[in-house]
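Next come two complexes built around subunit A: one with subunit B, the other with subunit C.
Entry: the complex of A and B
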């Protein structure tokens, strides 16, 4: 169960600054922790988050160890035209989650 | 024993008795506060908004599990209970509840697992497993905002008293010198998820 939630306004005025909130379900294991028997727990984190608005990348984050589990990424962008926003989280061990949302701009 | 040490030890005994009293005293209902009120403003803001509350990820997983068939009986939770938004309203707020079949109170996780074993004929979910946490979060979500009111009656009172006794028992621990609750079962909050 790899899940992510994206929240953004369904419609906006052209040129309006909109807030987008994203939440991804992930343990964000740092790779620095050890088990009780001393074995290193391998790193398992999200490495990169991108938001593509009608084919143009408008936001990107590189994530590192020590970012909390279930990272909440909130950001702003300008509503330029109606269309789709594609959100992608890519991480260790083949983790990939893609969410698509649409927005109507008037 | 000199007079001074005698007085000192008396004062010590009185202080201990006072402390013991305050440990044993019930907090009046009107003065009970949710842990929510001790949270930082930013943490409250995250919890208050479903778009940022990570617990909602588990609620969504729980909703998917609610509708998924499980076990040899080939039944989903929804096949018996229908729409959880109606059928599960208030259920989490009533737990732990007395289970006549077992002769003891069960918490919400145990109730879900009992239903799973008896109706779905499926293996019980491990305590604290992602699946059980998700289903519990989804069921508890339907009681959001309702006061937590487990029924206290003649059947549950002995368990309540045993719990009170355990909670107040002094025990050896390097991190826990005062009587304290070691929550191994996840504890409970006074505010539904």
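Entry: the complex of A and C
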């Protein structure tokens, strides 16, 4: 079962820059490794990560095989209003994980 | 029943063949990767001039294990509608693929930053490029020494 963890403050002041840390569970198979018999192991990576704040995309990352296994992505965003943040990871072989977190802005 | 001598001859033969294959792959590898890096750079910036500064790329200078290297990029920018960072790209010179990560940003990010963990194949130069809303490009690079490569089976020297 694919899983992901998101860390962000539960509440913030309006206009404050908050830090968000995300971690997805994924092997990020590069497509360059071989088995002991010499067969190429096919690529299986997370290709895109997006953070959507109340319907507006605030951060988007395109990942390549050079990202380490269990990709960590830490970034900032402005706490504009109370609501939900949707985090989505999309990858090869139909990998899709969505996490939803809520924030209270005063 | 196989004798010890026959066994040794057979083993030696099977070991020698992959070594010969590697020897054939190697000579153009460095040149190919350099060309791949240049074409990836061209695809990102086109014919625009890339200036040094405003971008801060942080990587440990000495890396024991290339499989997981903490990397962070921060770009100096007011992040207003008129002046903000549109994208951040990270490229390597000697990885099998030059692209590492690309980030799309808007003023909503507040601060143009990224922290992640990457794989590095060899001792090399890592480059971070930021694209500003006015169309200018800024960059920073870091020299890293990798003792254990992330791609041992590639036969990279």
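Here is the rule we go by: the second predicted complex is superposed on the first by the 106 of 106 C-alpha atoms of A that agree within 3 Å, B and C clash if a C-alpha of one lies under 4 Å from a C-alpha of the other, contacts with A are read in each partner's own complex, and residues count from 1 in each chain.
Following the convention adopted for this analysis, a contact is a pair of C-beta atoms (placed from the backbone, for glycine too) under 8 Å apart; a residue touches a chain by one contact, two chains touch by 3 or more.
The structure presented is a predicted model; accordingly, all values stated were derived computationally and were not measured.
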{"item": "Fit or clash - subunit C, subunit B, common subunit A", "value": "fit"}
{"item": "Partner chain(s) touched by A:3 [first = subunit B, second = subunit C, both, neither]", "value": "first"}
{"item": "Contacts of A:64 with subunit B and subunit C, given as first, second, both or neither", "value": "second"}
{"item": "Touched partner set for A:74, first subunit B, second subunit C, both or neither", "value": "both"}
{"item": "Subunit B versus subunit C as contact partner of A:96, first or second or both or neither", "value": "neither"}
{"item": "First, second, both or neither for A:30, with subunit B first and subunit C second", "value": "second"}
{"item": "Which of subunit B and subunit C A:56 touches, first, second, both or neither", "value": "second"}
{"item": "Where the C-alpha centre of subunit A sits as vertex, the angle toward subunit B and subunit C in the overlay (nearest 10 degrees)", "value": "80"}
{"item": "Dominant contact partner of subunit A by residue count, subunit C or subunit B", "value": "C"}
{"item": "Partner chain(s) touched by A:17 [first = subunit B, second = subunit C, both, neither]", "value": "second"}
{"item": "Lowest C-alpha to C-alpha distance for subunit C against subunit B (Å)", "value": "7"}
{"item": "Subunit B and subunit C footprints on subunit A, overlapping residues", "value": "69, 72, 74"}
{"item": "Residue ranges of subunit C in contact with subunit A within the complex", "value": "67-69, 72, 92, 95-97, 99-106, 108-111, 113-120, 151, 153-154"}
{"item": "Parts of subunit B lying in touch with subunit A, wherever the complex brings them together", "value": "46, 49, 51-52, 54, 56-57, 60-61, 64, 130, 134"}
{"item": "Subunit C-facing residues of subunit A, complex", "value": "17-18, 30, 32-34, 53, 56-69, 71-78, 80"}
{"item": "Footprint of subunit B on subunit A - complex, ascending", "value": "1, 3, 5, 7, 21, 23, 25, 69-70, 72, 74"}
